[in-house]
Every structure is written in structure tokens, then in C-alpha cells.
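Each of the two complexes below includes subunit A, the first together with subunit B, the second together with subunit C.
Our next item is the complex of A and B:
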């Protein structure tokens, strides 16, 4: 609970700093503050407590995920000043919106009541609409913001209708009551309709097929840093919240929901990977890759009681690789009006370190050993085999192989093609963030039990 | 209140809000004027508010009505952001027709 309050206070302080004209201090103070909050949250890893009439529950599910979200936000805020170099006077807005977004993210995993969940998802979404449209002179950014807004508000409507029907069937918004009511008696039909509508809304937010069509456009049009935020933080948050909802409702959902989840997972993986193969724009390609990773993460929902640790591991591996990849992308596409693949030509010669980091990040996403993406997939597939979903695992392995195709397209462009322009100076934070992210990625690959044992 | 609810029947209230919700959905899907799409989204959210209040009376529980306050506040914030984006678009292309936003494709 203190995590949530502290982050919100930090966001307000950030806005106040602009008034008192200490703009230079904003980013360092925010990062130090967030790291302090991260430390405090991590000390409470094994405690579980609920506060405000069970509105906020911190337990061994919400605390590790909150730590991951705070860590990702630290990276994203560290990238902010270099990315918005030309709009220094707006830096406090960009940082504070990201902090408020983080409060929404934490509320979405630490909720004990559907009201809190709804507020969390709306805080997260509204901040993202603002960030997506934040480059207001660019028509692309406007268009991305508008599309994201319409899709997001539409999905929120579904989520809200689902919540209303669940409330109608159970008579309470409290997650504990909902879970209990499901196990004891037969519930009204509204409950199932509500659960379906809620799931549809969440699948929109996760961008899983067949509700993914907005993602590539929005990712391409948004400013690159916002795209990084959407494809790492926002996706992982929505996935964790969906996992928590499903595990609360799993007791009383029929078997057909398992089949539906399996179909959605297979569709997301396949559509994401096949569409990614023919993309020329790197942001679009990473959007489709994100859709396929959403498919992989949805697989954890088929064995809800045992796979929370694997979801955390997969999400960390994917998000850290995403942060590393996007910080290189921010450097390469700086001052360019497109993100096409030829911008990366010859990066292996002009900037070997960043090229190596991007290679590592892409290999992790593809699932090549020593990077944690590989171990994430191994644990996930092992879990699914134990649960008896052999067909799903076969499809997933085939998809992993397909995904190597488009990741290598980018890697080959970096190492085999001639550079079109001379090396630009690299802002220090881009290198620093990319290095730390990829090192963390490898580290959790070497010590997987550190994350897996957090959630048992 | 309870007697009115019993007389009309909870099902009819659910049908009404479902119909309103569907009107909202079709408005978003088929109208091309951004303002009308915003209106349709508001209809969707207000259909849910109606449903929440009905269930709140049905269960004799105040939580549903409190939730409506949250959802109204959130809807207001959401539309404020949406209108700001729309103003940005109007400044760039002098139109609010959604069909003119077709730069992002691939």
C-alpha cells in the first residue's frame, strides 16, 4: 500500500519541482526516489497484508510484479531526458505522467476489489493516451493517440460492463467474496457473461489476436519512447492483471474457457509471427512480436494455480529484452522520421557495443540459450507439457522457430550491410540503460530460481 | 425503490442497459464523426452506470452506487483527454473525420 502512495507523492513532487524551477533535479531525484521505493517494496516480499477494507492487497503475487514495474519505469524515466532533448520545458510532464502510470500499474496487480482494479486500469490507460499523442505537431502521433483512445475507451466499456454483471451475480466487488461465491454455490448466468466481457476487454488491452488490430498502428505512430513503454510495461501489467483476475474466477469457469484461451493463444502467436515476417518498419515488427509474446504469456493461464512464477519470469525476460532493444532503437532513429530497417545497416561497424546489445535482446526474444528468453520458454513449455497441452506446445515451438526469421533479418542488416552514414555520438544513458537491461536479462537467465521461487 | 424494481423485473432493466450498450457499440463501429464516436462511448459507459445502480438496488447494497461515481469521474477524465487529442488533430488537418486518419498502414 505504501508503494502506491509513495509513487503518487513522487509524481506530485515532480510537478511541483517545475513550479519551483528545479528542472535539472527532476530526473535524478525521481530515479533515486523510485529506487528507494523499489528497495522498500522488496523488503516486504514475504509479507502479505490488506488495507482499506481489502481494497489493496499486497501478497506474494503483487509485490514481485510491483518491483518489476518499478524497475522498468526507472529505465524508461532514465531514457526520458535524452529522448525529449528538444522539449526540455516539458520534462516534468513526461516524467510525472510516467509516475502516475506506474501508480495505475501497481494498483492493477495489488487490487483486492474490482473498483480498485477499474481505477488502476483507467489511470494506466489515460496516461498512455496522453503519452501516445504527446508529439502534438506530428499527425502520426495524433493519429496513434486517437486510435489508441478509441480502442482503449471501447475496451474499458467492455470491462466495465463485465464488472457490472459480475457484481449483479455476486453482490459484491470484493475479490475474496467473488472467489468464495464461485466455489460454494451455483451462480447466476450473468456471472459467466460478465467474465467473458471482462476477458474480452483485457484481451484488447493485452493486444492478443483477434483483438490486436490496433497495436501495430499505435506502436508505429507513437513517439518511440512511448512505444517502448507500451510494449514492455503496459503489456506486462495488463497480462499480470488478467492473470490475477482469471485465477480468482478460475474455480467457476467451465472447461470451454480453457479451449477458448488455447485458441486465442495459438492465434496470437501465429498471426503475430507471420505478420512480423513481412514488416519493414522496426517498431511495427516489434509490435507484432509483442502480439506473439502475448500469446506465449497467455499460455500460463491454462495452468493458473502453478504458473504465476513462470509468468513473472517470462514477463521479466521479455520486458528487459524489450527495454534493451528499444534503447538502441531510440539511438538509431534519433532525428529520423521513420524507423525502417535500413537505418540499422552497418550498426555492427559504426557502433559495435550497441549492435551487440540489440543482437542479444533479439536473441533473448527469439529464445536462444544463455539469454533468459530461452529459459522462460523452456519453463513455460515444461509446465504446459505437465498440464497435458501437447498440441499447444508443438505450435509454440514452431512459432519460436518462425520468429527467429524476422529477428535475424534485423541482425543481418546490422552486420552484413554497409553503413549509410557515419557514427553519431551516443547519449550516455542509452548505452547505460541498454547495458544494464541486457546484463539483468542474462543474470536472471543464469539464476532463474531467484524469480521462480518468489511466487509459489 | 425495491417494490418498483420487483414490479418491473430485474430482467427488463438488464435488457434495457444491454440495448443501450449495443447502441453505443454500433455507434463506435459505424459512425465516422469523432464527436459522435465519443458520444457513443459515453452511451456505453452510461448503460453500465444504469446497470450498476439497478444491481445496487437489487442487492440492497450501496457499493454499486459508489462505483457509479468512480466510473463517472473516470469517463469525464477520459473524454477530456480524447477531446484534447481531437483538437490536436483538427489543428493539423482541419477536419475531425476519422476516415482522413489513414497514414499508418503496413
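Our next item is the complex of A and C:
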């Protein structure tokens, strides 16, 4: 609750700072502020409270996820000034939009009412549309923004329609009422249609196959930092929100919904991985890899009652690796008009540290110990075997093997090809963010209980 | 002191080597590997004195994972093999100069760390982590410091990585399945799982994929020859000398105890497959024109026999396998080192471009000769002890298989001696061949010394491993 208000206030302060001409202070103050909010939120880990007539609920699901979102935003904001070096005068916009986006994100996991949820998703989406098109003079960026906006607006429409039908069936927006309604009596057919429409909208936001077509183009066209945001923060947020929705509606949903989820999960993994194999553009490759990771994360929905902790763990592992990988990508593609794989040639020689970090991040995504991506996959597979989905696990394993193919393409380029250009200076924050992210990634790998036990 | 101390030394060694800079890296690495050898000898003494050198600590609460490290005689033998070979391997590389040697030597020590961890783990999850961890350093060692055309090297190494990674994942699924039943990853808990033969078969198969690729057994061997050829000599020695022993050791430690019913039911299939590798490896070795590839296929034949011995599940089979693992470890490192000595001077691997070396280098010739004879299991060498016991165990199961397996010695003698003849004998080569220098000679002499000493007096090793193997047999026959 206070988290939400504090973040919004911070965003407004950011805009005011521009007016009062203290531009230099924006980023440090925001980061310190966010860290303070993170600390405050983390102290309330075990409390649960609801405010404004159950509009906002902070419990042991929303708080850990909020903490994760805040942490990711800290990383992304830290990267902002170096990335937008040439547009210093717009720094307050970029930072404050990210803060408002974070507000939406927190609202999306802390909602107690579908109206609040919709507000959250719209705040998040609109900020993303702006960020996607923020490179005003680039045709690609404009195209990405437009495409994302049109498709996103459609998805929002689906979600809103779904919410309306659910309201029609149950007569309330309140999550607790919705959850109860299913256990007590028969629900109207509207409810199921609503749930399906809502799910479609969410699957679109997550970019799960077959609703993924926008993702590669938008990821490629958007400025790299926005892509980083979309593929880490936005994806994880949407996933967590979807998880919360499904777990609330779960009792009402028929078994066939499980089959549907399973099919979507398998499709996402497979399509994402196979398409990623063919990509030469690293951003596109990471977009497809994100689609396949969405497939992995969707598996948690098949056992909603027990796998919240695993979703948190998987999301953290994936997002931290993503942040580390994108920090390196930002450095490599600086002053370039494309993100093709040959830009990474010889990075192992010109900048061994960043190359090692990117290697670590990719190994984590591929699921190789000691990086946390490995533990995430193991815990997920364990949970799925427990729930009896052995075929799904085997498909997932095969997909993990395929994914090694394209992650290693990048590693090979870094270590076996000759560099095409001399080393350029690295902005300090890129190295710092990448290092911290990968260290955190390894740390949660070494102490998995820290995250897993939060949501039990 | 418990076994974790050994791991800590190796890890600290890897970090220290990395920090020490290119000039000192090789020396620091050697120092730490010697220290690790010293510690493992000390641990052996503690073990023989009956002290508790095991370690068990809870690591993750849900799912239940322990940091469990333990050693029995079999483990100690493998750990000693690893830590004894490591200084030799590192020392043998002093004749080459590697760019960025601090990374190179740090990776070697890190890999040894992972391999020792694999041997010591008593928790399935921890075991898997170490197992996978050992893959990353060798990938980079072979990729960055390997020889030959970078393009084809890259292909070979990536194939190797994807193959082994794929195999391991199926092992992981088997582990998770077992965890779902027992609720723990500890080996002692896992073997209590009540499984039907059908379930055991699938679990056995999951393990088998991982091990068959790593050993390798046919038809999973296609990565091997190229990688052995392209990797730097050190990488080849680590792969063939130690890493494949991880898989053979794991058969005895994990696969057979966890799925004994399946192993018994399908015994002849797996023994047969392993022995088929013996024949296949030998025949392909006959045809090879590259010395490293020839050695790779000869190694394929030898390890096929070891695997066959493991799958017979008799005491003789397991004991022979363990003895032969150690003998093969030293022997193959020696042979690859001999190949490296030649390629240092002639910068080629083609057998046809060699020949006439004997006249110029009598010392090297005699050392190489002894290694060749050891590899064809001449009585009096350590390899003979192991090979004999392996064939004996095959005979207990089926005389036919034993005879087929026995051809490894005949065929081995044929291709090894023919190779020796072509490489070393004949008219004096026009190209100058310097005899071994002190460093090279020292490594060779130590290896030959070990092979001859234990060939004549294998008792210490047999005494060390037999009780643990009897224990293992008891576990396998529990149902």
C-alpha cells in the first residue's frame, strides 16, 4: 500500500526536479529512494493487510514480487543516464516513466479487485508504449511503439471484456468474492467466457505462443534499454499477475483449462526456441528466448497451489540473468544501428569481464549450474513431476537442450571470432549493474531457500 | 579434517592461479595441485585409520538438499587418481606456452575441483551440480586453446557440449523422479525407494544416456575422436584420463545401486553394447591416420571393456573395472603425452609424416614402447591386472562375450604396435627430433613407474577398494 504511494510520489518528485533544475540529482535520488522503499517493503514481508475496501492487498504473494520489481527497476534506472547520454534533457521523463511503470507493476500483484488490476495493467502498458516509441527520430522505434500500442490495446480490450463478463456472472470485482463464488454454487457460463478472454489478454502481455507475434518486432525496434525492460520486468510482472488471477479463479475452472495451458506452454517453449535458433539479431534472439521462458513459467500455473515460490524463483533467476545480458548488450551495441551477432565477435579478448558476465547470464538461461537458472528449472521440473506431468517435463528438457544451441552461438562469437574493432571505454554503470545482477543470480543459486521459503 | 578441505584447496587454487598473473600461473597451479595430492594422501591415511572424513549439512530446505560429501575406498581411489594425475598433467604442459595462461590454469584447477566434487558427492543433487560444472571449463579449454582449424574445432566442441549436456539432463529427470518418491536426494535415502522394474528401467536409461555419452559407448561416441584431436594436450588428458572415469565411477556408485532390477534384467544388452564398443573401437583404430585419433579410438575400446565389467555386477567385474580405470588413467595420459611430445617437434599429427624417430631419441623410444606395451596389457604392467580381471568377470557371465572382449588385447596389440612401428622405427627421419628433455622425461618416468609398480604389486589398491565394492554388491543385490 505505502509502497505504491511512495513510488508514485517519487515519480512526481522526479518531474518536479526537472522544473527546479536539479537534473543531476534525479538518478541518485531515485535510486536511493527506491532502495529505501525496497527496504520498507521487505520489512513487511510476513504481514498481510488490505486497504481501501480490499482494493489493495499486500500479502506474502505481493510483497516478495513487489520487492523483485523494485530491484529490477533500480537496475534499469541506473542504466538510464548512460544509455540516454545524448538526451540529457529528457532524463527526468525516462526515469519518471519507469517509476510510473513500476507503480503499475506493483498494482498488478497487489490488487484485491479487478478494477485495480486493470488500472495497474493500463499504467504499465501505457508507460511501455511510450518507452517503446521513445526514440522519436527512428523509424523502427516508431513502428515498434505503434505495433505494440495497437496490439496491446486489443489485448486490453479483451481483458476488459473478460472482466466485464466475470462481473456479470458473479456480481463483484472483488477477488475474494470471485474466489468464493466458485466453491459455493454453480457459476454462470459468462464466467468461463470471461476467464478465457482475460487469459487471452494476459497471454498476449506475457508473449506466450500463439499470442507472441508482436514480441520479436517490438523487441527489435524498441531502444535497447526498453527491450531490456520489456523482456525482464514487464514479462515477469505479467506472469505474476496472471498467476494471481489463475489461482483466484482456479477452483472454478474446468480440467480442460489445464490441457489448454499445457498446450500453450509446450507451444511457447518449442516455438520460442526453434525460432531463436535462426536469429542473427541478438535482441530478436533474446525475444524468442523470452517466449520460451514464458512457456517454462506458464508451467507453474498447472500447480497453482504449490508453485508460487517456484514462480518467484524462476522469475528472479530469469530477470537477473536478463538484466546482466542486456547491460552487456547495451555496451556492445552502443553507437550501432543494429544488434547483429557479429558485433559480439572477440568480446572475450577486448573486454573479458563483460564477456564472462554475458557468458554467465546465458549459461543461467540455458540452465547450467551453479547459476540460479539451473535451480529454477530443477525446482520447476520437480514440481511438475510431482503433479504428474511427465510428458511436459520431457518436452521441457528437450527444449533446454535446444536452447543451448543459440545461447552458445553468442558465446562462440565472443570467444572464437576475431574482434572487428578496438575496445571502447565501458560506462561504469554498465559494468556495475551487470556484475551486481550476475552476482545476485549466483547468490540466489547458492541459497535457494532464501526465495523459495518466502512464499510457502 | 573432512573431505571438503580438498575441495576448498582446489577452489582456492583456481582463484589464486587466476589472480597470480600469466607469468606465475603455471607454477602456482602446480603448487596447488601438489598440495591437493598431499591432502588426499593425508585423507587416505585418516580413512584407513577409520576416522570420519564425511561431511553432511543441510543446504536447501524445500526441496530437501544436503551438502553431503563422503568417501569410501572406491572414492578414495578415484580421488587419488585425480589428484595424482593433475600435477602430472599440469607439469606436462610446461613445454607449451599458452596465451592468457592464468585463465588456462585456473580453468584446469576449477575442472579438477568439479571432478573431485563429483567423486565425493553423496547427495544426488550436489553430484549433478558438480557433474555439470566440470563441463564448462573443458568446453572453454578445448575451444580457446585447442589446435587445428578454429571452425572445425568449434563444431567439434559444441557438439561435445550439447551431447553431454543432453545426456545429463535425462539423468537429472531420473533424479527428480526418485526425489518425488523418497523426498530426499541423499544416496542412502534414494536406494530405499520402492520401484517396479518398469520404473527402474526408465531411471536406468536416464542414467545410461548420461554415462554412455560421457564414457563414451557406441553409438554415443561420435563426439569423442574429434574433440580428443582438437583439444589441447592438457584437455585431452583431462578428458580421457579423469573425466570419463567420472562416468564409469558413477555407474558403480549411482546407476547400479539405484536401478539394480533393471540392470539385472537387461544385463546382456548393456554388456553386449559395451563389448560391441570394444570391437568397433579397435577396428576403427586400425584405420586411423592421425595419432591422436588412433589413441582416442583405442581408448574407446578400452573403456568399453571397463563398462562391460561394471555391468556384469560381479565383484570381479567391479574390481577389475576400478583397477583398469586407474591403469587406463595413467596409461592414456602417458600415451597422449607421448603424442604431444612428437607433435611439439613435428607439429603434425599424421602418422605418415612421422617415422625414423628411434635412431634420434633412444630414451623417448623406450618410454613410448613401455607405454604401448602397457596399453596392450602386457603381463607385469598394471593394465594387465585390470584387463585380466575384467575378462574373467565376463567369462563368469558368458564365455562367448569374454572371447569377443578378449579380442581387444589382440587387436590392440596389432594396431598399437603397428602405430609404434610406423611412428618410431624405420629409416632416420630427415627432420630433427630432439630426445626428451628433463621435464618431459620426469612425467613419463613417473607414469611408467606407477604402471609397473602396481602391475607387480597391486595389493594396496585391491585392499583399498575391495571392501567398498563388496558393500556396493551388497546394495545391488538387496532386492
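Here is the rule we go by: the second predicted complex is superposed on the first by the 456 of 456 C-alpha atoms of A that agree within 3 Å, B and C clash if a C-alpha of one lies under 4 Å from a C-alpha of the other, contacts with A are read in each partner's own complex, and residues count from 1 in each chain.
Just so we're on the same page, contacts are C-beta pairs under 8 Å (C-beta built on N, C-alpha and C of every residue); 3 or more make two chains touch, one makes a residue touch a chain.
As the structure is a computational prediction, the values presented were derived from the model and not from experiment.
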Combined model on subunit A where subunit B meets subunit C, clash or fit: fit
Partner chain in contact with A:394 - subunit B first, subunit C second, else both or neither: second
Touching partner for A:173 - first (subunit B), second (subunit C), both, neither: first
Contacts of A:217 with subunit B and subunit C, given as first, second, both or neither: first
Partner chain(s) touched by A:118 [first = subunit B, second = subunit C, both, neither]: first
First (subunit B), second (subunit C), both or neither touched by A:381: second
Which superposed partner A:274 touches (first subunit B, second subunit C, both, neither): neither
Contacts of A:144 with subunit B and subunit C, given as first, second, both or neither: first
Three-chain overlay, closest Cα atoms of subunit B and subunit C, distance in Å: 25
Doubly contacted residues of subunit A, that is, touched by subunit B and again by subunit C: none
Residue ranges of subunit B in contact with subunit A within the complex: 14, 21, 24-25, 28, 34, 37, 41, 44-45, 47-48, 51-52, 54-55, 58-59, 61, 63-64, 66-67, 70-71, 74, 77-78, 81-82, 84-86, 88-89, 91-93, 98, 101, 103-106
Subunit A - residues contacting subunit B, complex: 115, 118-119, 122, 125-126, 129-130, 133, 136-137, 139-140, 142-147, 149-150, 153-154, 156-157, 160-161, 163-165, 167-168, 171-173, 190, 216-217, 220-221, 279-281, 284
Residue ranges of subunit C touching subunit A (in the complex, touch as defined): 59-63, 125, 128-129, 132-133, 135-136, 140, 143-144, 150, 154, 158, 161-162, 165-166, 169-170, 172-173, 176-177, 179-180
Residues of subunit A defined as touching subunit C within the complex: 309, 348, 363, 368-370, 374, 378-379, 381-382, 385-386, 393-394, 397, 400-401, 404-405, 408, 412, 415-416, 448-449, 452-453, 456
